[in-house]
Structures are given as C-alpha cells and as structure tokens.
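Before anything else, here is the set of structures, which you'll find just below.
Two complexes follow with chain A in common, the first pairing it with chain B and the second with chain C.
Take a look at the complex of A and B:
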C-alpha cells in the first residue's frame, strides 16, 4: 500500500495554479490528485490527508473573489469538509484558495478585498513567520520572501481590533514585512485554532528552487538548493507524517 | 418593376426572398455595382475580387448565396490571406526599378527554407499550422505565435486587447493537436501619455492614456485569468499611433513532438468546443482589412467581441486533457472568419458537411451567414474519430465546457453547409483559396545622410534627460499588473537583479519535463523605419536575436516571427518602406540562421482626420524564441558583484539616426547605423562560448538610449557603482561623444565578468570588436564615465533610477 500521504487539489473552472502546486506537493512527497470540481463528491475525501485549494480565478472571480467556488464547495462537500478537519485533516488555501477558505467559515473571520493600490500586484514580498509552531511553517525561518500575484489580497476585518487580535492570538501566522496591499496588521496568512487550516496570499509553489528567486545570487535557505516555498510544503509533509505515527 | 441591372445593392438584396439565407443574383452586375454590393455587405472585397467571383459563378452556371459570398470574403480578406505579402510589386529604390513577386515567398519563405535546409530537424513546422514549432529536446517542441489586434483596440481598448490575447492563446491551443500555452508577450504602440487634447485632430478618438490603460487591463484580465505568465513585451510611444494604436499579442506553447502532425480524413466527426455563437464579432476579419475613420468608430462596434477567459480556460483544460488521451485528430481555433475559416481550413482538401442547426447559439434568430462567420470568442473546432466521441463528451462534462457535433468530413472536396434543411453553401474548397493576385507599386528614396552631432557640453544632463523619455522609462507599473510567474517556471523574469526591479532583455522559462529552457525576446524600432526602413528591419532581427543570445540561448537554435503593421499599402512611398523593411529582416535573418516560422501582417492602419490621413510608420515587430541548453546558462542583465569588470562586445557607429537622443535633440534625417551582421554573428557565437564556460555574470544589450543608459540600467540592481573609460571603445574614427554615449548602433552587448576571467573572455573575441570598459566599485554609487582624462558623466545611480522608475508610473 502507498505509504505517502495523499493530497487532493480541487480544480474549479478558472483555477490555474493547479499544475505547479501539484508539482510542489509531489516534490516534498505527497501523492497528489488534481480533481475537477464537477467530479467532487464527499467520498473523494476518504483516505486524503490534505485538501488544497490552489491559486487562480475560480469562475472568473467576477462576483467577489472565491465567492462562487465557496458556494459550490459548500454545496458539494460542506459538512464533510468540516468533519475532515475535525478528524485531523489538513486544509491549505493559496491565493484564490485562501479567498475561498475565508468564505467557507474555516478560518477566523475576515475578507480579502481589493488591494489598497487598486491594482493587480505581481511582485516579491518579505514575510514574517509569526507561528513557528504551525504545521505549515515549522521549518520556515523567522523571515523569508515569496512572490505574490493578486488584485484582492487586502485582508480586512469588521473592526480593526479583530485583526490586531489575530496577531495576538497567533491566528495571523504570516504577515508582510512591508505594507504591500493595505492588509490590516499586514496580515498575509491566517490559520484556524486547530492549526490544520491555513490560508495565505503569497505563492509558495512559485519559489521551490533557489533559482526561482529574482536575484541570481540569492543564497538559499536550509539544506539543498531549495527556495523558501519548499519549506512550507515540507513542514506540512513532516507534520502529516508525524501525525500518522 | 425596375430593370434589375440598375437596382442598387440594397434593392437587390431586398428583392431576394427574406429567409435565413438568400441567393443573390450577381451575374448581370457591372464592376461598379459589384463593388457597391461588396461595400454594402461589408465584404471588403475589391472590384477585381468581385469580378473574379462573378466569373467563378458564371463557370458554375449559378448565383451565389449570401453565405458563400461571406465565406469567400472571409477567406480572401487581407486578414486571412495576406494578399499584399503575396502581391506582385513594381518597386523602385532610389530610381532603380525592380519587381518583387511576393514578398512572402521571396524574403520570408525562401530565406527560411534555406535555413531549414542548413539545420535539418530543428524547425518541425512552419507557416502552414497555427504556429511554427522548433525542437526543444527529443520529446518536446516549442512554438510561438504573435497576432495584432489593432482596429478593435482602437475602438474598444479593453475588449480589443482582451480578445487579442484570447485569440492568440487559442492559436496555440489549435497548433499541432493542441499545444499548452506557457508564456505570453505583449507589445504596444501608443500616442504619448501626455498628448494634449487639442493635438488630436479627429472626433471620437480615445486619448492615448485611455487606450493604454484599457489595453493593459485587457491583457491583464485575460492572461492572468488563463494562468499564462505574461513575460515579455515592449511599448513604443509616437504621435503617429494616436489614431491607430498597435496591439501585438503573442503566446508560446509546448507540445510533444508526436502530436505536431495532424490530419483529417473522411468519416471523422467535426466538433466545436467552448463558448456559444452569437452576433458579436461579425465581420472582424473584413473590418480589420480596412482603414478607420470617425464613422467606423460609430458603426463597427459589433465587430469587437467581448472576452470570457474562463470559458477559454475550460476549453483549454479540455483540449489538453483530450490531446493527452490521444482523442484529437485535428484541431484549429475559431478566429477571424469564425466557423467558416476554421471549417474551411479543416475541410479544404477533404471536404465535408457542416450543419448549422447543431450550433449552440447565444441568442435565437441568427441567419445562416451570421452563424457561419460569427467570431464569437472561446471556440475551438476539432476533428475526431467517431468512436472517441463518448470519451470526449465525458471530458467536456468534467471540465464544464460545451461540446457540439457540427458535422463530418466526407472526402468529397466540397464544403457543404446546411441550415433549416437547406443547403446554404456548397463550395469547391480549392476555389476558396484562389484569390486574384494583387498588383501594387512601391517606391523608396533615401532620406538620410550625415548630420553633425550636437556638441555635448553637459553629457550628464543629457543622460538624465534620456531617463525621462517615454521610450526608456521603466515599464514596471504595467509589468506588475501581469502575473509573470504563474505556472512557476519563470526563471529569468522581466524585472530582476538583486533589487528585483531592474530591466532584463529576454525572459526565460523552464519547461516542465525538459532540462532545456526557452528564451523569449522582442524588438521593434519604428523610429528607425521613418527614415531608413531597411536598417530598421535589419536592426530588429539583430536586437531580438541579441536578446535571446544574451539571456543564454544557443545562437544555433533560434527562430523568429515577423509581424508587420503599416498604413496605406496603395500609397507607393508607404509600400516602398514595407518592401525595404522586409529586405532588411531577410538579410540579417539569413546571416544569423534564424528562420521565420510564423508571421502576420496588418494593413490600413491609417485614419482620416480633419487634416487628412495619418498613417502609422511601417512598423515591424520581431519576436523570437531560443533554446537554452541548461539552467546554468541563463544570464540576467543586472550587475551582480561589486568586484566585477565590464566589457563591451560590438562596434559603435558614429551614426545617431533613429536614436532617442537624436529625437530629443532635433537631429533630422541623420544616418541610421547599419547592422554589421557577419561580424555580429561571430560575436554572438563567441559570447555563447563564454556563457557555456561560465565566464558571463551578466550581460545587457545596448538599445534605446545607447551605452550610457545600458550601463546605468545594469547598475540599477544596486550592487555597486561603475567606473567606465571609453578610450578603447571599438568605434568609427569620427564617432562623436554623443554617439559613444547615446548612439544606438546594433549588435552591442555590455558584459560583466569576474576579474580573473577577463583575459580569457578577451581571447575568445580575438579579431572581433571587444574592449574592456571598466569596473564595478563600492567606492561610490555613481555612473562615472570618462574618456581619457575627461569626465563625461558622473551621476548618482539612485537619481537616474528614480527618474527611470517614475517616468511612466505618473501616467499609469
């Protein structure tokens, strides 16, 4: 029997980071299935350790980013997904996946709205790891870089105090080093109370190798020729492997 | 009842029974009436074309249907048939007469064929498919295609550019049995962003700023949603583009070599996949083959379609999955001409039947010709084996795209179209592709000569001035709106270097499943072409090739594309400029062994303003792809180490013509530098040897703004200041200081090497123009350029970078 943990990546119409995200998952050791959402059924989660929502523009994101995808997911596997999390399953949302997660009530309340610049922003950003114990960030250094590419990545909460609370509670696992898009408290990524649900706007799958960095002389991080994004997937893989024992 | 021969076309059409199609009696019309009919139906066919059609029908002893006339108009349109590139041109250069029998055959196809013969197995497909393919490795091939979408973008910038990119992406999906799009390029020509309104001499023309913003957002919203990184591009600003902005969109793809060949056979089913068919985009192909005026802005809104990238994304996911399962026998996109072009291309030899009743419509009530030529977006047409249909239907359901069976191939050689039980079109496909050869006249008279360079009293100020020019300022605000890293393969990004925001020449993509990479580059120099189109053509090929080689591509494995835009081909001087441009690109491409594998042209980019017609200058975009053997060869354009030495490869001419400096300093008709192709080629081969040996830390091409701008741009990585001395610069004896600093002679590269490697690199360039220029330094953060004992430039790099970074940002 396959002893590698299984990841299930949901592909909505308009999801477009599925191939490289699957490649990243495979690189750290996951068996990965990319599943078009038309074929999604509750049974598909059986035997799966990790559900991934990758980047893209699900259904075009014309209504509000991630809105329709969250409704489709809710309708197809809503309850199953919550059971999956309660029973030890992991959920990762990257960029559009993070936007979808925020609307599925699986993360602390908050909305990802249009960047303060009013623009799509494709650039590299500095990040601070505020949750070194998170299963998603345990092998990441205190500060690292990743690329972002989004128009709606500004995390807002109803009251500014809520966002400040996320920083105190540790829900704000990842924050930008600079004010990139107007996010409250510079929040770039959120985790839930279990620590097994994590969403972030930056794209770790785009920085798997040192050579992916914009500076050809970037010196690398940790062992091997890996980029910072690799360590997010690797952390997760380790956490799931250890959880299995 | 009046005499039918005197009826005007409107009456003639009204006379035919009103139904979903009409038979139009044309046999008794004279040339004038035929031309009126063509204009009335917006067929964009000339009197000669209409007479030819009349003759064909006389031979068949029947009258055409409106569907047939529309099909012929689409097929013979300049957009689909490139009739000017196939024309016989009586050309005169400086009083000497010559005859060009087809620019395409003489200067594009034949030149490329000779290169194919020199490099067997490298070019796997050229000219006949949607895009040309070159070999990447034993398993995979890559392709590139670029299209223009000028007229739609002039009228509706957002939608025009949106569908421009959407269309070229479909070209790639329809290349071979379906290539995977992996990267896009976008090149624009606009009026200057600071154009004042009183400078625009026609009504209903969108201000250049509105055009720019709309076009950029159109490209952004299609490319980003499709998940294809936009990695390469260029923008030119010139007054002549106010009325006719140019929008070039290109996409590269990758395909297994075994899936390049496609063939349709009798018995196969023809299916459509993707979006539905509506009244949007009627007459796009014929519309784009005519000039614009204020009226066309009002009338032809329906020729511009609205894009829906998610529809296309679903179709793309379906196509690539179906190809991987071996279910596709033939595929092409629905572009200009809609089903008529797609089915026509597919069935031209085999023949077959298309049933329009099967077509899924956006709205009811479309008549036959509307269904058949509608250019509604996001549709692909495939030929498949009947037994594959059930599995294809399942895949279409899985990816949530609509699949429709349209008809079948039957081996009859006849394209037959039925609708509501009637045969609305029955054409011998071979006749569709026999448009009359056009006869045109061209003339070119030399415009340039030696002009004294101005005496440079303050070269530093001249340099600062250049860094505010729209030709040079950073494209960062636009580049950041494009996702250039989706797919996770963009190794050399459009902005890179230690600071992440310094300009690069070519971009380089990793290719999943291969150790090799692909570089993409673009060049256009319309300013040169205004006075010396031959030099422009030559230099564009040179610059594109140089970018690719600089980034690490193997100079022996490059292929290029030619995309032409011009004003009025019936104006002799304008067509003459085109002929000279074509000669220029052909000459240099042949020396470099860089074959043309695909090309496209756009005519009638002129506008009837209140003060007469304004044409764009003949504009050539050369875009190219190159194979990079391994990742270690990838070379950026930004200074990397503070202990480095800098050197220049290539000869500096004293000619300032075509340069940004010349334009800003009012030098008119100054000689434009020639491309010394033989020498440049040797340099590129040696440069690549240096790359393979690991000697090159970085390399930047010398282009707009000349050497001084190139040096500063390299140092925009923020790693060090530069100490440069021009005393050993390889150059014309009489080159002025202005030419040394700001001249734009082609074929030059500035390279950064480690101190210990300089002698070894110099050895490689024995007998070629090469000189050490200076060094990086941590002693200061300036660009300091000396000439012997004289300090020409000593400017803080931070100041120059500040000017450069904010020049366009203020307007975008």
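Take a look at the complex of A and C:
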C-alpha cells in the first residue's frame, strides 16, 4: 500500500506551472495528481493530505486575477476546501494560487492587485521567514531568495493597519527584504490561523536545485545541492508525515 | 432593464500614459483605468446587484459606481473601448459561463457589454488620436472618446 502522502494539484484553464509544481512535490516525496477543475468533485479530496493551487493566469485573469477560478471552485465544491482544512488538510497557493486562496476567503482578508510599478515583474527577490514554526517554512532559513513573476502581486488590505496586524499576529509568514511591488508591509506570503493554509507570490518550484540560481557559484542550501524552494516543499512533507504518526 | 456599473481601483495611482503608447508624448499625461459593465436583465434587481458585487467587484481594493456618470473626475479626456458585437469576448464568456452555472440566480441576464475606460489627466488638450491608434484594433474593437471633465 502506498504510504506517501497524496497531493492534489488543481488545474484551471490558464494554469501554467502545474507540471513543475507536480515535479517539485514528487521530488520531496508526495504522490501527486494533477486534476482539471472540470473533474473536481468533493469526493476527489478523500485520502488527500494537500491541495495545491499553482501559478499561471487562470481564466486569463479576467475580472481580476483569481476571481473566476475562485467562483468556479466554489460553484463546483462549495465549502469543501474549508471542511478539508478544518479536518486537518493542508492548502498551498503559489502566485495565481495565492490570489485564488485570498478570493476563496481561506486566508486573512487581503487582495493582490497590480504592482506599484504598473508592470509585470520577473526577478529574484530576497525573503524573510517570519514564521519559522510554520509547517511550510520550518526547514527554511531566516532569509533566502526565490524568483517572482507577476503583474498583480501587491498585497493590500482595506485599511493599512490590517496588514500591520498580520505582521504582529504572524499571519504574514513571509515578507520581501526590499519593497518589490508595493505590498503593504512588504508581505510576500500569508498563512491562516490554523497554519495549514499558506499562499505566497514567489515561485518555490522554480528554485529546486542550486543550478536554478542566477549565480552559478551559489553553493546550495543544506544537504545536497537543493535550492531554497525545495525546503518549502520538504517542510510541508515533513509536517504531514509527522502528523500521520 | 439596464444597469451600468463602473469599477475603479482604490490603491492604483495614476500611471505615466506614455507606458500605453509606442512612442512617448511630451506633456506629462497620466492615466487611470476602470472597467465598465452594462447589464441588460429581467427579474429581481437585488439579486442582480448581489451577482455584480460577488462576481465583478473586489470590495477590498475596488469601488463600485452605479449609473451613467463617469467614475472619475478631473480628466482631460477618456477613451472607452471594448469588443465589437460578434467578436469573441473571453471575459464576457467566462462571466456568462459562471452565471449559467448558478442554480437560481433570481434574475435573467439578457446581455452583458464590457468596456475598458482609460482616463487621461494633464497634457495639452485632446491627444486621443494617439491612444486610439495604439490601443484600439479596428478589426475587433469599438471605441469612443469622452470629452474632458475638469
């Protein structure tokens, strides 16, 4: 019998990071199924430990990024993702997946809007890990780098004080080292109160090996020649395995 | 019945309008962008408004303006454009597809027209020709220019 935890990766029309995200999940030990949203039903989550929403431009980012995908998901499975979380399941949203999770109200209230630059930004960024006990970040160092690639990655809240509150409460698990896109409090990633839902704008799946780094002399992190992104997936795998015991 | 809604962003500052053009203009024009939805419907107005707020509006980062009046003021001119009737409008199709999946919407959506509005601020008068040339495609778009509201 398969004893590796199962990850379900939802694919919407316009999702374009599913293949590399599935490879990253498999690399740390997950069994991964990529599921088109057209085939999504509540029973598809049975036996699944982790639901992943990967990057891309779901439904062409029409109306606003993540909006149509969140509406279609809700239409197809209602509150199933919230029940999944409440029953111990984990959810990870990367880039467009983060945008979808915010639209589904699975993360603290916030919206990801157009970058302050008004442009699509594709670059490497420095990140600070503010939640070293998070199941998603427990094996990541205090500071590391990942690439971003987004036009709508600026996290805003209705009032600026809310974002400051997220930093104090620990909901802002990941922040940029520099003001990259105008995000309030430089927030790059949010977690919910349970700690089992996490969304981030940077792409961990694009930095799995040291060779993915822009500096050819970058030596890797931890054992092996893994990149920083690997340790996010590995943290999660470890948390799920320990939870099974 | 017909209702018009225009949605503007709360957090996006006016940007350099030269970013919209192939060649820069002198004069320091800036712009803001909004989306305008015209809905023809029959049935319960409250249900239709609830649909608009849930589907088209982000209450955290956007503001909803109902009616014909422009959402913004103080502009030199504005360019409004959208897909021609009969041309494939994928945003419209995505919204209609979601609407058709709602079991009891409480209203019947007869038609939906989506327009982008670009409000231009500053500059030396009506320089709309350059923007029409660089942003609109006569093969698929319809457009009109709104005079200034300063």
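We take it that the second predicted complex is superposed on the first by the 245 of 245 C-alpha atoms of A that agree within 3 Å, B and C clash if a C-alpha of one lies under 4 Å from a C-alpha of the other, contacts with A are read in each partner's own complex, and residues count from 1 in each chain.
Definition applied: a contact is a pair of C-beta atoms (placed from the backbone, for glycine too) under 8 Å apart; a residue touches a chain by one contact, two chains touch by 3 or more.
It should be emphasised that the depicted structure is a prediction, and the values quoted were computed from it without experimental measurement.
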Which of the two partners, first being chain B and second being chain C, lies in contact with A:211: first, second, both, or neither?
first
Which superposed partner A:60 touches (first chain B, second chain C, both, neither):
both
Give one of first, second, both or neither to describe whether A:4 is in contact with chain B, with chain C, with both, or with none.
neither
Among the partners chain B and chain C, which is in contact with a greater number of residues of chain A?
B
Quick one: classify A:241 as touching chain B (first), chain C (second), both or neither.
neither
Which partner does A:23 reach: the first (chain B), the second (chain C), both, or neither?
first
Answer with first, second, both or neither: which of chain B and chain C does A:128 touch in the superposed model?
neither
Answer with first, second, both or neither: which of chain B and chain C does A:71 touch in the superposed model?
second
Which superposed partner A:156 touches (first chain B, second chain C, both, neither)
second
Going by the contact rule set out at the top, does A:111 touch chain B (first), chain C (second), both, or neither?
second
Using the superposition described at the top, list the residues of chain A that contact chain B and also contact chain C.
59-60, 119
Can you tell me which positions in chain C touch chain A when the two form their complex?
9-13, 15-16, 19, 54-56, 58-62, 90-91, 94-95, 98, 101-102
Using the touch definition from the top, list the residues of chain A that touch chain C in their complex.
59-60, 62-64, 67-68, 71-72, 75, 109-111, 113-114, 116, 118-119, 154, 156-158
Per the touch rule above, chain B residues touching chain A in the complex are 220, 224-227, 308-310, 313-314, 317, 397-400, 479-489, 491, 493, 495-498, 500, 512, 631, 634, 636, 640-641, 698
Quick check: in the complex, which residue numbers of chain A touch chain B?
11, 13-14, 16-17, 19-20, 23-24, 36, 38-39, 55-57, 59-60, 119-124, 147, 149, 203, 205-206, 208, 211-212, 214-217
